[in-house]
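Below, each structure is written out as structure tokens.
One chain, chain A, links the two complexes that follow: it is found with chain B in the first and with chain C in the second.
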Partner chain A sequence: MNPLESLFNPKSISLIGAAHTEAKFGGIILKNLLRFKGKVYPVNPNYTYLMGLKAYPSVEKLPESVDLSIIIRPAPQVPEILKAHKDKAKCVIIISSGFAEIGEKNRQDEILHIARELNIRILGPNCIGIYNPYQRLDTLFLSYERLKRPKKGNIAVVSQSGAILSCLFGAIRKTNIGLSRAIHYGNAVDIDESDIYEYLANNDETRVVISYIESVKEGRKFIDRARLLSEKKPLLILKSGKSSRGQVAAYSHTGRLAGRYEVFHSILRQFNIKEVEDFDELMDAAKAISYQKPSPGQRVLILTNGGGSGVLAADECMRQKLEVAPLPEKSLKILKPLFPSFCVLNNPLDLTAHARDEDYLTALHELKEDYDGFIVISLTGVTGITERFIDLLKDFKTNTPKPIVSHIAYDSISRKLTLLLEKIGIPVYPSPERAVRGLKALLNPSPC
Partner chain B sequence: MNPLESLFNPKSISLIGAAHTEAKFGGIILKNLLRFKGKVYPVNPNYTYLMGLKAYPSVEKLPESVDLSIIIRPAPQVPEILKAHKDKAKCVIIISSGFAEIGEKNRQDEILHIARELNIRILGPNCIGIYNPYQRLDTLFLSYERLKRPKKGNIAVVSQSGAILSCLFGAIRKTNIGLSRAIHYGNAVDIDESDIYEYLANNDETRVVISYIESVKEGRKFIDRARLLSEKKPLLILKSGKSSRGQVAAYSHTGRLAGRYEVFHSILRQFNIKEVEDFDELMDAAKAISYQKPSPGQRVLILTNGGGSGVLAADECMRQKLEVAPLPEKSLKILKPLFPSFCVLNNPLDLTAHARDEDYLTALHELKEDYDGFIVISLTGVTGITERFIDLLKDFKTNTPKPIVSHIAYDSISRKLTLLLEKIGIPVYPSPERAVRGLKALLNPSPC
Partner chain C sequence: MLKDFIEKNKGKTVFLEHEVKGLLKEAGISVPKGLFVSKEMAEQLSTRVDLSYPLVAKVSSTKISSKSNVQGVRIGLKNACELKKAVTELLQIKDAEGVLLEEMAPQGLEVIVGGIEDELFGPVVMFGLGGIFVELFKDVAFALAPLTEEEALWLIKQVKGYQLLEGYRGRPSVDKETLLKIIVTISTFIATGLIKEIDLNPIALYPEGAMVLDAKMLVNAQIGNLRPNNGNTNSP
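Moving on to the complex of A and B:
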């Protein structure tokens, strides 16, 4: 069994620093743990009961050894509290900050030393922990009133920043996708991104992994695990701390040096691990991969009923090293009589404002063999686009396993069409460029 | 009087090709013209009345000469229809396609020749025309049911693509900003982007101009007018057709060659005219400039309660050539005792998840003289952020005319906070990077 099972799927949890009120982080976490399917033991010497649960005065007094213990007490107390966990926990999450990130390197070394002695794994310190909707396990000190959680799904989030993890929660909720696991590993004194990749590689509830990284602890181990993971399922990495100021900020944030970005970047490319540029691209790519399977190739067909939107998509394809290849001669001959004379047959194929639902399908069916991925731009301000569009695309998608994404601009019926399209597994984006960046995650852009 | 007044502020309009049903573009336009404050004369030989208005059998039979005539008839008929406008109209919008964009260059030359002879200005052909909410003037063949219109405001949209214009309507509605004018000039046989810039430079209802361009008709005229405009008010340009495939698409879309992008780009830079990279940045920048006044300088202070979000913002500042300068020594001494020990004083200044509303203001007041612009990142999953945050920022903004933008992640209270912040003139963005790109439009990034 992977040792991280006791972290992600514990049967029992203790919370050291549990509080009676949500004005304290220890109270928010306890409240969130009330949802957990297994046993919860709050520890606080000043209370007999906390939020309806029997409280325990100390770790030593816990009635059983737990799978997971969560510590949220001031940093100077943490080493002693950890020692008290001898034979009491398999894994500990240290939420508390006040370690290497503020220069307290010795204190951080000390807790690692204690944990090794006691054969306990540590997540953190300086972290918000984990979220596993499949177990209703939630160690975050963020209330549900303030930060709603995404639904169950197939995306795992691995983040070196708690803030980014919380922002990803919002962004994931806004799309129609869901989470399998979320984890913030903070200073990573013990469990790091590589260990988590190894666990997720074999986790059946996870089909896609997205990872926010400021700095890597052990380069060789990281590359090894990232490769293994990305051979099994898509892994998308957002690396920050690329700028000198970003590196300074990352250092004070996690107590680790970011290192030269160029080196990191070229290693990822060498092993064909997908990297995204910024927060929005991370979400756009994650959405594409959550809905559809990647496919080899780089030839893109752009279908549009708005000329300018097609031009912007073509420009973005160039920036992203995707190929917007011209229509094959044989198809030109077949398609010409099927479209009005003012419709110029090209790629992007501009069906013009006169386009009807069927026109898209006519083009897609004729050209499906010649391209690796499809961008369908449907501006719904014109009357030719109806809900039939969805049924036709559904048919096409069933018969063609190649990636297909869509751009629908925000207007009166866009919300409804977006929901319907995403229901049949076609991700929808609010601009042509973002649709291209989504599709890119499913294809293989040319090497630079 | 600028000759484009009869286009943007007509007193009377005729519609050649008016229809009785919204199943036809001529019916949609007529329905939209029913909102217009002035007189409307539908022309269609088959009807006595159309949508409650008296219809006229031909241009010749119009009861008076109109300021503006709109033609939506098949392209081969357009030259004759135009000739019939002798002494009947000051300006004509030719909605019809079927000119240079499909290779019919002679037909396009012919209508220009006729219009010159008759002293009539032409907008189009192959365009959707204009929208002026101040006059309730709307020539678009897009129904209100399908495409809602933005409210009145201070942004003018000048677009070479009707599709992009319609997408901008949606995007503008989604933010809390409004429109002064919108215009799609299509093939621009006569009135082009430069003429429109000249008009907008002196239009008091317009404070900001955003312009989507695929190709420029006359380079020297364009530079001249763009400069004059950008000296009076902010002008943001999105140039497409940058890639070879994009150029092909742009050509078939407007019948004009896009030219080498590098040349265009370097000319804009030389004259300090602001250019954006893609559709999303156009909106992000437009929003910033609609709310606030630009300011010289490039030194940015990043305030955050989430470490990772600050790192991403710092990285984006580097990409956008904005300077994330360290905190001045004197301020470090003053601020140190005011914040908890685990708060590392730096830029980005990470107030951590413990941040309260006042902490932002303490930092802003101390540092306001040392920076040119401010990015306030407020992740509201933590409980320290309340609505008081808005009042405090309002006070600060009243006393400090420097640009300030905000990033609030999507979560439970984000929508409310966003509305409140934008009400006091602080634009809010859904990611750290987009906030930086918004702020960039208000500052002067270093030359590359």
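Moving on to the complex of A and C:
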């Protein structure tokens, strides 16, 4: 069994520093833990009951050894509290800050030393912990009133920043996708991104992993685990801190050119680990791969009822190294008599404002063998587009396993169409460019 | 071979150009035919050197990191007279330990191959296009060392100017096989953990063959202390 199982799927939890009021972090966490499916033991010597649960005066007095213990007490007390966990916990989350991040390296080394002695794994310190909607497990000190949680789903979020984790919650909710696990590992004194990748590689509820990274401690271990994970399921990495400063006091030209980020970026490519540029691309790509399975190839068909939108999509394809190949001769012959003479039979294929729902399907059916991925752009200001559009696309999607994404412009029925399309597993984006970036995550752009 | 070289020079961390080139030559990498003239030997420098003109003369010093910054290079020396003058001038440069004389190499496509001990990833190898491409555009790519020839081929395709190697607008294509061999050799050098930094800059690539025109190397101060492969550590 993976040692992180007791972190993500505990049967019992103790909370050291539980509080009676949501004015304190210990109170918010306790309230969130009331949703948890397993046992919860609040620890606080001043109370016999907290939020309706029996409270315990100390770790030693816990009625059983727990899978997971959460510590939210001032940093100077943490080493002693941790020692008290001898034979009382398999894993602890140290929420408290006041360790290496403020220069207290010794204190951080001390807790690692204690945990190793006691055979306990540590998440943190200086972290907000985990969220596992499948167990209704939530250690975040953020209330549901202030930060709504995404629904259950197949995306795991691994973040080195608590702030980014909370922002991703909002973005994921808005994107209409769901979470399998979310974790913020803070100072990573023990459990780091590599350990988490290893766990997620074998977690069946997770199909996609997105990872926000500021720095990694052990480069080779990180690459090793990231590679193993990406071989099993899509992994998207967003790296911040891209300044191109070379290695300090370099003797050689190579050393001066070897900026930390340049090396990181190159090595991710070497092992075929996907990196995204920024927060928006992370969300656009995550959405696409949460909805659909990646597929080989780079040839894209752009199908639109608005010329300009199609051209913007084509431009973005070029920037993203996707190929907007012309329509094959044989298809031109077949399609020509089927569409009005003013349709631009090219790629982008512009059905013009006269387009009707079934025109999209006619084109898709004729061209489905010739392309690897499809972008369907539908501007809903014209009367030819109705809800039948959804049924027709659904029909196409069930018959071809190739990636298909959509851009629907903001308009009268657009919101409804968007919801319906996403229901049948086609991600919808608010701009042509973002639709392309979503599709890119499902295909293999050419390397140069 | 690298191990023997470092063993022989125990205690030394920085090497003179001709010493690094000697090592490269032993590893099967071509360098220009040359002769190192130490400060002491310079007096007896006979007018007849066993090299064919034109020659290039370069100041040699472990303390000088950029020869061109100190005007330490003379090219196109056509005869003994010019040579003598150049050597005399170069030896007057501060910290000069000697002069390296080399036959002028024909013009080729210049690239850089290097290796460093990256603070995060350990041994890493770099490839880039030389001249203004590396200076102005930083058109370089990195990979974890060591590399196979196949991985080295991947590496050279990562730079934006890769097409230049294939021959571009009438220029001849270069000997990629030799280039790949050089990259693989340097990647195995850096992967030993014995050296901290190595630079082959520039390397002139020709339709057939390649020649390392300048090279430097910094040996790890704690030699003998082979770094462990930290690929699978940490799991308690």
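Methods note: the second predicted complex is superposed on the first by the 432 of 448 C-alpha atoms of A that agree within 3 Å, B and C clash if a C-alpha of one lies under 4 Å from a C-alpha of the other, contacts with A are read in each partner's own complex, and residues count from 1 in each chain.
Keep in mind that, in the parts below, a residue touches a chain if its C-beta (ideal position, glycine included) is under 8 Å from a C-beta of that chain, and two chains touch if they have at least 3 such contacts.
Keep in mind that what you see is a predicted model, and the values were worked out from it rather than measured.
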Across chain A, the partner (chain B or chain C) reaching more residues is B
First, second, both or neither for A:I223, with chain B first and chain C second: second
Name the contact category of A:E262: first (chain B only), second (chain C only), both, or neither. second
May I ask you to decide whether A:A250 touches chain B, chain C, both, or neither, giving the answer as first, second, both or neither? both
First, second, both or neither for A:P401, with chain B first and chain C second: neither
After the superposition on A, what does A:G310 contact: first (chain B), second (chain C), both or neither? first
Which chain A residues contact chain B in one complex and chain C in the other? 244, 250, 252-254
Counting only contacts in the complex, chain A reaches chain C at residues 116, 190, 194-195, 216, 218-221, 223-224, 244, 247, 250-255, 257-258, 260, 262-264, 266-267, 269-270, 447-448
Spell out the part of chain C that touches chain A in their complex, as residue ranges. 14, 65, 112, 114-116, 118-122, 124, 126, 128, 134, 138, 140-144, 151, 154-155, 157-158, 160, 162, 196-199, 201, 216, 218, 229-236
List the residues on chain B that touch chain A in their complex, please. 22-23, 28, 97-98, 101-102, 141-143, 145-148, 159-164, 166-167, 169-171, 173-174, 212, 214, 240-246, 248-250, 252-254, 278-280, 304-312, 314-319, 324, 341-342, 344, 346-348, 350, 352-353, 379-383, 409-414, 430-434
